[in-house]
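What follows is a pair of complexes built around chain A, which joins chain B in one and chain C in the other.
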Partner chain A sequence: MKNALMAGALALLLPVIAAAGEYSLTVDRVMIDTGDFVKEGIGYNGASPGPVLRFKEGESVTINVTNNLDEPTSIHWHGLILPFEQDGVPGISFEGIQPGETFTYEFPIVQSGTYWFHSHSGFQEPNGAYGAIVIEPEGREPFRYDRDYVVQLTDKHPHDANRVMRNLKMMPDYYNRQQQTVGDFFADISKHGFMTALQDRLAWGDMRMMKADVEDVQGFTGLINGKGPEQNWTGVFEPGERIRLRFINSSAMAYFDIRIPGLEMTVVQADGNNVQPVTVDEFRIGVAETYDVIVRPKTAEAYTIFAESMGRSGYARATLAPEEGMQGPVPELREAPLLTMADMGGMHGMADGDMATRDGAEDMDHGNMSQGSMEQASMNGSSGMAADAGTTMARMDHSGMDHGAMIMAEGGASDPFYAEGSGLVPVAANGGKFLSYSDLRAQKPLYEEREPTREIELRLTGNMERYTWSIDGVKYEDAEPLKLQYGERVRFKFVNETMMTHPMHLHGMWSILDVGAGEWNPVKHTVSVQPGTTVYMETEVDAPGQWAFHCHLSYHAASGMFRKVVVEGGPDQGNTAGVEVANDGGDA
Partner chain B sequence: MRTLTLSALALALTLPSLPVLGSDMPQDQSGRKDALSLWGVQFEELEYRYSDDDEELGVWNGDAFYGTDELKFRWLTKGEYAIEEEAYEKLENQLLLQTPVSSFFDAKAGVRFDTPEGPDRTYGVLGLTGLAPHWFEVDASLYVSDEGDTSAEFDAEYELLFTNHLILSAALDATVAFSEDREIGVGKGLVSTETGLRLSYDLVDRSFSPYLGVVHERKYGDTADFAEAEGGGTEDWFAVIGARVSF
Partner chain C sequence: MNASKLFVAAAAMSMTATTFAAGSHGGGHGSSIGEPGNAGDVSRTIQVEMHDNYYEPEAIEVTRGETVRFMIENKGRLVHEFNIGTPDMHEAHRDEMKMMVEHGVIQGGKLNEDMMNMDMGNGHTMKHDDPNSVLLEPGQKKEIIWTFSSKTNMEFACNIPGHYQSGMYGDVNFDSAADTQARAD
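After this line comes the complex of A and B, so read on.
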């Protein structure tokens, strides 16, 4: 009995010992100064972005979140593997945090790497409620660095997010200032001839689609660690040092193409998981993704971190320099990309738009495209479905590569994760290496390789003119939850039938992106699906409970491209559940 | 025994902190699960018109809506106020419910109240509104008045972008009556057309866009005859200055 008491006392102490990290966050109204404008927003501990939370793998963390707003709030720990009640999605994980309330999150840290956190309530995240998470690993990392900086990007808009949503619903092109003009039409005539230019316009007009519809929400100022281009966030280094840059894209809507002229970047981690190092000149970071890169400036000069938005409507800029106050040259924004008919490959309208496809392909032909590949793009389009990742890869190996240069004579290369002939394929500014998903290989497989138990197809759907977004044509408000069984390995097939890029984020479980590398497929939490493409990912269903699954573009998620995922079965249903959850820390 | 006590103790300790799991997961009752309800106000035309025979008019054509993707309540308002006569030549309000019927078109139904200077009319409205291929914004409505007369109105608008801020918009509005309503000066057949060209500049986002333009109004057939009989004109040219406003 005495022994039992002792054990009991010990058990009482245990959580205290395990809870090595205790953190406090307040959710506050803050002023956000971008250098271009000052705007009221939401932040943490009095600032936006909030603090960088530094955790250690293996510790248990306790985070007290006090809501100083006059509306409910929540914090979602993006990419963290934790009990579902701690995931911070109101209505799915918990009830949310009411005004004046302090909610205590408690969960074990079972991973390492770069992540981030943000509000999952209303539009608080685009209004500024986000911060970074850095988790130090238990063991040694497979790469070395001397310094470590978080580089957290966002697309801060002068309009409150509710107003942005309203404007998009009222006029979907409200913020699009890159639309084709009369002048562009004459430019097309002089370049391609009158008939081709006209046919091209008619083809797009017939579909009621805009080539220039790459970025829905323009007019933002790109911020890095809360600083606008003029405010120039600066990371200091000693020449010769290896610097680890932890890029996090916390934007509401903007994808960024990132480069540091004069420096090669070695990508060592994607979405918190180590990848086999790949050296690139530039990379594209989707909304909610993270990439860790290592750079090694050898000379004592200032280097510009230049992040152009994918649609080239805005940029973020920061500097790496031997001392504060130095500046490197800031490049000009490159020309805005235009969608091609290949990007329309998944549109419903294509069934009756065969003519349109031909017209478009013809136009591309004039853009220096070989007859053979034109046929391919045309077929791709009129079949109403882009080739799946597998055949895209095959095509890239066997044929795409051969005339890769020709297909995108104006844009440049091809990438198996973009529709063939896509106008969105990124090209490095210096003509060098641009990172592709297909370059990513896991450093160490997280799971044993096995056959998926089933495949679930999810069509990414929407209507740009109504600004409605959905999955399988059904918005969240009308959707049944997606049911998964604990223990299964699900293969998700994303078919993007829209003209927009969608960064799909599954909470609570890893997204193993199929790049055709088998057990070395990279492990991510957010997977970008480009227009007119099909992308596969696999998920080991190892987390009981219910989770959110959505497009991470704020206004797409809010318009309905969102699902609840219910994982049925698993340890939580049994008797042992209580103890396990408790040790991990249920909500208080 | 010891293990048992321990786990019992652990369980007791943890019980209060257990979330209510049960067999059923909680339903999402957050705002996200509700259809997004939004509102908007737009004035396509808010302008001063000066005619070729020195008539001055204050004119507006606007709408306000509230609702979801599936169902919107819309208030359309149009008016022409003759400044010298201090009288409404036209004053029309429609209260409508609007719902999507295809990818690019909505059906609408409701009531229209015309309360200008002179006799009033109330109409039942049935219409279609949306975006036709090649970016023509079109709107077609069928009206049945409380006098039993039917008429139809067709509206089309096209925007030509000189730049992304300097925009020329062309608008055509035509009304056809299927029966005569002499009291309000409407004859059977094509009643009237209004054609406008407006060159606007987006000064503040798309919420304030001042413009200059010309508008041509014409009456046809019996309607023209009725107007002439009353000493009015059948054709007018206007110079217009105004602003497109949305918020």
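After this line comes the complex of A and C, so read on.
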């Protein structure tokens, strides 16, 4: 009788046990060997990257995180929808995890797909504190594959991230190896004529930036799943199989252009959400984004996964092969792109910057601007810059302009998510299809389509000379939190007035990227905003509490391109007044 | 979009349709996919549901010489195709489907019937009316009667861009026991 009772009790408990995964992570000092150098860093369970956490949609997870460091730490579950106290941002979600402490995260898994996790404390993430999350869906997926691999990229730098930040503050071009030389200048003269080359150069000088500022931290080794190009991470396959590759960009700063020569890739997921499949030859992955692709190698040969950084200052490389040890040809790095005048954010009076209607070509007709005008609209004084630039443009005499005198991007590639004439527009190495944001469509709309209740404009601003990055010209320490009301649908308007690409990441709520597809707009957690462009995204404010919202480039976030978002109201608490978390600055 | 582009597209489509017809009626090549069947010869009906983006079922069993009625229903929110052919035929057809998407004939969950039926001159249209396939909007149902005259490497597939590549296909398996029997006869 007693036994029967026990068995009954156990049977009752079983489903609960089955639906709750328990995981343990230790945060450790580790050595990271890239093949080019060995560097002390931070990892999980003794390694960097940490383990792949495999969750199942519908389960509740308990994750015990033990801090073996001599400094506080934290783990942020990037892209996961969860109660804000579990989001892992010190100073916003919780107090952080003190040295020696074990913190227990507990939250339900309400989604599926490919995500990642990383420390949100100091520069622990660029120093190696990251790992992957794979969530198996409850139902079947809208695609098929025979095996899957996580392909997690990072830009491992030989310098400790704190040192990188100090050097950037001291000398913003410290890590810029692509600077234009006197030789380049003479090459420009012979190509474009003396006055044009000179004016182009003077204009860039006034911007406090250089044409080669695509990447402000160079000198890294690209890693895939912790392996450098020579260490060659390899995923094995049988010819004819479909392989799902879960690309995650866990870099501090580097965007990667990814291709697998000889294979087309069918993109089926972006940022963990299924998209209508689109077959491409190459795609660009922003910092913190994920893309899942399906490839089908039909022959028993080695294929190279080649990931060049956007500024071509480094690359990551891995291999798909029928067996370990095989190698495919490794392509050469392509020539580094140069920014053009079109990439000068805010320079063109972008107040009309609506993606759908903006005529970038017209903007560029302002071509041969006088140097005096450039000065008035220089990158200094980040606040109110759009207005300044607009006024400057209005005062200009357009009549005497020499169209086409400005050194422009050649080749004419275009993408609606890049400024017209931008030097950054990606082109597939084989001349084929390069994925654009405008190709992304939700496989299944997540929310019902409705009009946004209001629009919030956020200008992405910065001063390269002092290496300060900000939103609306105000850095995090000096900014009021951004207040949203529970239940509203906010339309965010990002206006990039800088010359760098910013991957904007809102925690806790989805970012519905406006690609002009209405209810089929793709749902993301990180949205890249290219220089000189305006990008819109909408957010259903459905998660009470307080959240981080920031540029995911480590050194930009740390320099102030960061906001706290407070969602007021909501089903359980009514307000967030009871939240006892010090506002001492969420760490990037 | 302009009319001349559309015309090129239509011409390209009818061209491959002709190639296909030659293939299917050539006979004796050993790679014939079979031919449209007569309702009177139908031995059984197979229900095929099209979802976003997969079939149910994902494999069917047929016997050489058998005539099957396929009842095909699109239960998804996107346009899908059910097309019987060899992997090579599907690959060739994917270029045509890509063109149909690029020209706005297929728009996510909608088919632009007017554009499909538009006379592009010389009697060319972008109609999708090959007897071995149907192209359905969400909620639509259609049938195909097909006779599997000889055993060959076949798949049923949706060739809308990205769908086949992400796994929207199924295997046509020939019943080998029945085949052995047929040879013995």
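Observations
Throughout what follows, the second predicted complex is superposed on the first by the 487 of 588 C-alpha atoms of A that agree within 3 Å, B and C clash if a C-alpha of one lies under 4 Å from a C-alpha of the other, contacts with A are read in each partner's own complex, and residues count from 1 in each chain.
Rule of thumb we're sticking to: a contact is a pair of C-beta atoms (placed from the backbone, for glycine too) under 8 Å apart; a residue touches a chain by one contact, two chains touch by 3 or more.
Bear in mind that the values here come from a model prediction, so they are computed numbers and not experimental data.
Applying the stated contact rule after C-alpha superposition, one finds that A:V110 touches neither chain B nor chain C.
When the two structures are aligned on the shared chain, A:Q276 is found in touch with chain C, with no touch to chain B. Set side by side, chain B and chain C differ in how many residues of chain A they touch, and the one touching more is B.
In the superposition on chain A, A:L333 contacts neither chain B nor chain C. By the touch criterion defined above, A:M31 reaches neither chain B nor chain C. In the superposition on chain A, A:G122 contacts chain B only, with no contact to chain C. Of the two partner chains, chain C is the only one touched by A:R441; chain B is not. Judged by the touch definition given at the top, the superposed model places A:A300 against neither chain B nor chain C. Under the contact criterion defined above, no residue of chain A touches both chain B in one complex and chain C in the other. Interface residues of chain B, counted against chain A in their complex, comprise 1-2, 5-7, 9-11, 13-15, 17-19, 21, 23, 25-36, 38-40, 42, 69, 100, 103-104, 131, 133-135, 160-165, 205-206, 246. On chain C, the positions that touch chain A within their shared complex are 51-54, 58, 77-78, 108, 161-163, 165-168. Those residues of chain A that touch chain B in the shared complex are 3-4, 7-8, 11-12, 85, 90-92, 94, 96, 122, 165-167, 169-171, 174, 177-183, 202, 205-208, 219, 348, 463, 465-466, 468, 475-477, 545-546, 558-560, 562, 564, 566, 572-573, 577-579, 581-583, 585-588.
Chain contact summary for the complex, chain A toward chain C: residues 140, 142-145, 242, 264, 266, 268, 276-279, 294, 296, 441, 443-444, 520.
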